[in-house]
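These are the structures in question, set out in turn.
There are two complexes below, and they share subunit A, which is joined by subunit B in the first and by subunit C in the second.
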Partner chain A sequence: MKREVVEKSALGVLAILTGTGVLLLLLILGSVIWKGGPALSWEFLFEASSDFGNAGGIYYQTVGTLLLMLGAALISMPIALGTALYLTEYTQSETVKKVLRNLIYSLNAMPTILFGLVGYLFFGVFLNTGVSWLTGMLILAVMILPTLQVSIQEAIEGIPEKYRETGMSLGLDHLAQVRSVIIPHSWHGMITGVLLGLARAAGETAAIMFTATTFSGILLPQSWADPVPTLQTHILVLAQDAVNSAALTKAWGAALILLFIVFILISFSFLLRERLKMEAEL
Partner chain B sequence: MAALSVVCAGTIFLYLLRESAPVFFAEGSGFLTRSDWWVGESYGAGSMIFGSFMVTGIALIIILPFALGGAVFTSEFLSPRWRLVIKSVMELLAGVPGIVYGLLGMSMLAVWVKSGFGLIDGNTIFTAGLLLGIMILPTIITLSEDALRSVPGEYRETALALGLTRIEMVWSTVIPQAVPGIIGAIFLGMGRAMGETIAVMLVIGGLDKIPAPWFDVFQAGQSIPSKLGREAAEAIGSGLHWNALMGLGLTLFLVVMTLSMAGNMFLKRVRM
Partner chain C sequence: MSKIKNVMEMDNAAIFYNGKPVLDKVCCGFRVNAVTGVVGASGSGKTTLLRTLSRLNDRVGGFRVHGQVRLEGHEIYGNGTDVYQLRRRVGMVFQKPVVFPKSIFKNAVFGLKHLAPEMKKEFPQAAERVLREVFLWDEVKDRLHKPAQTLSQGQQQRLAIARTLAVDPEIILMDEPTSSLDPKSSTAIEELIVSLKNRHTLVLVTHHLAQARRVCDDLLFLNEGTVWEQGGCLEMFENPKRKETHEYLSRWNVDEPAV
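== the complex of A and B ==
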């Protein structure tokens, strides 16, 4: 009898603890929609901001964020693919694999503000790219590298051995094997990785706030060397103006758009993985 | 290609080391132990280091019951369908941008803390810790759930066959097996918490001092990343001030890397 009571109550407590996590997501989503919803309008989405963000919209900031994250993904993609292929197909040495894997994990755990600091010194000062779109893209590309690399590697490792063996028995050399067996059968890993990497880049503020953007009065970059406006830093500036309720409403509106972008990307990665799981079970 | 990623990680360390060297020559070990940070005069990072550990500690204490309870329930008692729901929710939560957490923390959490504890200002070390706890919940839940899942099914079957109830089975066979993985998950969560910049910066209050008495967490403080976030832009290339900030960066780097390596060692099989 006593055991049953313990069992029931323990389960109840665990369920409540788990429910809290789900509630948190709903709470966060709810408050951002609740507070940011009133700011939304077509003008908000498609107009430039004015009066230091207190009026007008977030058009340039949204486009700036998209530009930065797309650039980062484009730069990161070949490096991640190369690293993953090297690790799975080319090197036999366990030591090399171990060292590389540890480095990738370290890179993933690195506080993003350090990417900002060192990235600025290395790209901005040493390679002389300044506070610019290019610097931001390069820094974010390094930052999302682990996300892409791990996702691609998992996909490659998931390719059934018989595909490889078939390729080998047909006499394919390394390069042909990679081109016609590995890449066609692991593209989903690349897409998932890119989606998650994009989401990570979109949500990042600390690494770009003093490397890719200046805080007000900028439009879209005209060249690689110009700073970009971003949603993230826009929210930061408005948030620090916390007594002004007009600014705060605009900040919530921008946060809603940013959250929307990130959630769309992550949800697509779910869909992709779900479909693949079904294909794999056939 | 592979070499490129090695170069990336190496460069970060070397740059931090090179750029922070002058401050260690100037201040010696006092840089880490004293807490007098007056730009242009002396640089003691004690209060920032204290703040970083404090917010991380608070985050862990607050969130561990939820994270571990959630992981056990999800792994052992939920149907595959619901497991997928919880996992997806956690992935979405992990994707919420730091700046959005910061905005939420600043305009809601800080206000609640202020009225709930009757404070003059809601921007305190406690607020930052609470917010960080929410931010690292997904990391700890996801990784420790993986650790629990990886315990082979035979253990569970044997325990049940011996007549244990499900809770007893989980408590006495599954959890003990998963302890290393769970510890790993906690280490990685701590690393996350230590390095978070934007959200902490907005709610911690930004005061470079160790509260008196030290355990009074309802006072404003400063963590290493929040200090970096506030001052780096204005200090770039400005001599010792910049070197001192890089010294902070190096300290943060070493602490986070230690946590992450320890975490990965415990986890063995790592998911990101």
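== the complex of A and C ==
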């Protein structure tokens, strides 16, 4: 009887905790939709902003954000894949594996402002890339690298040993093994990692605020060296400095679009992961 | 045992995993174009012996080989051995059928695609040849581009053998290839093994003593990590030299699944 009461109480506490989490999430989502919804219109989505964000839309900020994310993904993907392959297929030493793995997890937990600071000093100042699209892409690439690398590595480690051994038994060398056995069976990890990494990067402001983007007066970058407009900076500046309610509504509208991009990325990552994983394991 | 030369030999070989011996003082040979059965209780080292012959244990941490393992007189664990070439020459068929999540055709030419990409135009003929060789062609010729996973377990195992044959190994190692198959599929594989020895040397690990008796020319009895007896198959069944061999092999017609 006593045990039953304890179990029911524990279940009740868990339900309250879960409910609180879900409620908080719904409150945030609800308020963004409630406050940002009125800003949404065809013009808002496809027009350039004007009058320091008080008028116009967020077209260039949306495209700029996507450009920054795409660049970051293209830079970090080969590095993450290479690191994951090195750790899983080429390194025999358990110590090297452990050290690199710890390093990658530490990188994942690093405050993003540090990425911005170190990234700016290294890329922007030392490599002289300045406040630019390139600096932003490089910093975000380093930032999403751990997420991507861990995801790919887990997918590679999850490949059934039977496939590896069959490849080996046919005389496939390392490169052929990677090309025909490892990569086709770990696609799902790569896709998931990229999308989850991008979802993280999409919400990132601190790392790119002083390194890649400026608030006004810019359209799309014409070269790697130009700054790029982003939704994150747009929201931050409007939320801090806007004095009229129309500008604040536009900030909420931009937040809603950013949330929508993140939602799409995460939904796609789960959908693709399940689908590709099923195909790889068939 | 006949005096025909051994294509592969182990000479006083010892295998260790993390310093622990799994096989010790192994001396044995595998005759060319013969089927050598490897029998023994579970844990006696049969699979380790087989994997040692094609260096499939190289990735296993703490794996070490002492003594000599030779292919046509050349030490395979020596410096300068092309391990990829060795594995192509000494193919392996695993206990459970392994097919890649690709079409039947792509599975059949999987190894060829990497080892002889310049022969791409001849892949269809190569696929047909090996699928005929494993008696699978008539069953799959109309669905070559369908997923290999749609085949039955027995068909998948024959496809796995076809994929191994496509890279033209001289020796084929088989690790209990019928253990996960129904009796009908097992019979098909047994017939295939017998037909393959015309062109290949086969080493078959099996727990089915009746199967060993039916298909093997030579037999190797492993016990407690060492070779206790090796000789002609029927001779060992009928007239074993050691008491332990007699005790183990005398059960050949007990609990044998109906075929």
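Here, the second predicted complex is superposed on the first by the 260 of 282 C-alpha atoms of A that agree within 3 Å, B and C clash if a C-alpha of one lies under 4 Å from a C-alpha of the other, contacts with A are read in each partner's own complex, and residues count from 1 in each chain.
One rule holds in what follows: a residue touches a chain if its C-beta (ideal position, glycine included) is under 8 Å from a C-beta of that chain, and two chains touch if they have at least 3 such contacts.
Treat the numbers as computed from the prediction; the structure is a model and nothing was measured.
**Q** Looking only at subunit A, is it subunit B or subunit C that touches more of its residues?
**A** B
**Q** So in the superposed three-chain picture, is A:L170 touching just subunit B, just subunit C, both, or none of them (first/second/both/neither)?
**A** second
**Q** Thinking of the overlay built on chain A, is A:I75 touched by subunit B (first), by subunit C (second), by both, or by neither?
**A** neither
**Q** Pick one for A:L103: touches subunit B only (first), subunit C only (second), both, or neither.
**A** first
**Q** Looking at the overlay, what does A:Q92 touch: subunit B (first), subunit C (second), both, or neither?
**A** Touch status of A:Q92: second partner only.
**Q** If we overlay the two complexes on their shared chain A, which of subunit B and subunit C does A:P146 touch? Say first, second, both or neither.
**A** It touches subunit B, and subunit C stays clear.
**Q** Check whether A:L24 is in contact with subunit B, with subunit C, with both or with neither, and answer first, second, both or neither.
**A** After superposition on chain A, A:L24 lies in contact with subunit B alone.
**Q** If you stack the two complexes on chain A, which partner ends up touching A:S180: first (subunit B), second (subunit C), both, or neither?
**A** second
**Q** Report, in rising order, the residues of subunit A that make contact with subunit B in one complex and with subunit C in the other.
**A** On subunit A, the subunit B and subunit C contacts do not overlap at all.
**Q** For subunit A, which residues are in contact with subunit B within the complex?
**A** Listed in rising order, the residues are 3-4, 6-7, 10-11, 13-18, 20-22, 24-25, 28, 31-32, 35, 78-79, 81-83, 85-87, 91, 99-100, 102-118, 120-122, 125, 142, 145-147, 149-150, 199-200, 202-206, 209-210, 232, 235-236, 239-240, 242, 248, 251-252, 255, 258-259, 262-263, 265-267, 270.
**Q** What part of subunit C is in contact with subunit A in the complex they form?
**A** Residues of subunit C touching subunit A: 54, 56, 59, 61, 84-89, 91-92, 94, 96, 98, 100-101, 110-111, 113-115, 147, 149, 160, 163-164, 167.
**Q** Can you list the subunit A residues touching subunit C in their complex?
**A** Listed in rising order, the residues of subunit A that touch subunit C are 92, 94, 162-166, 168-173, 176, 180-181, 279-282.
**Q** Considering the complex alone, what residue numbers of subunit B touch subunit A?
**A** 1-2, 4-6, 8-9, 11-12, 15-16, 19, 65-66, 69-70, 72-74, 77-78, 85-86, 88-93, 95-104, 106-108, 134, 137-138, 141, 165-168, 188, 191-192, 194-198, 202, 225, 228-229, 232-233, 236-237, 245-246, 249, 252-253, 256-257, 259-261, 263-264, 270, 272
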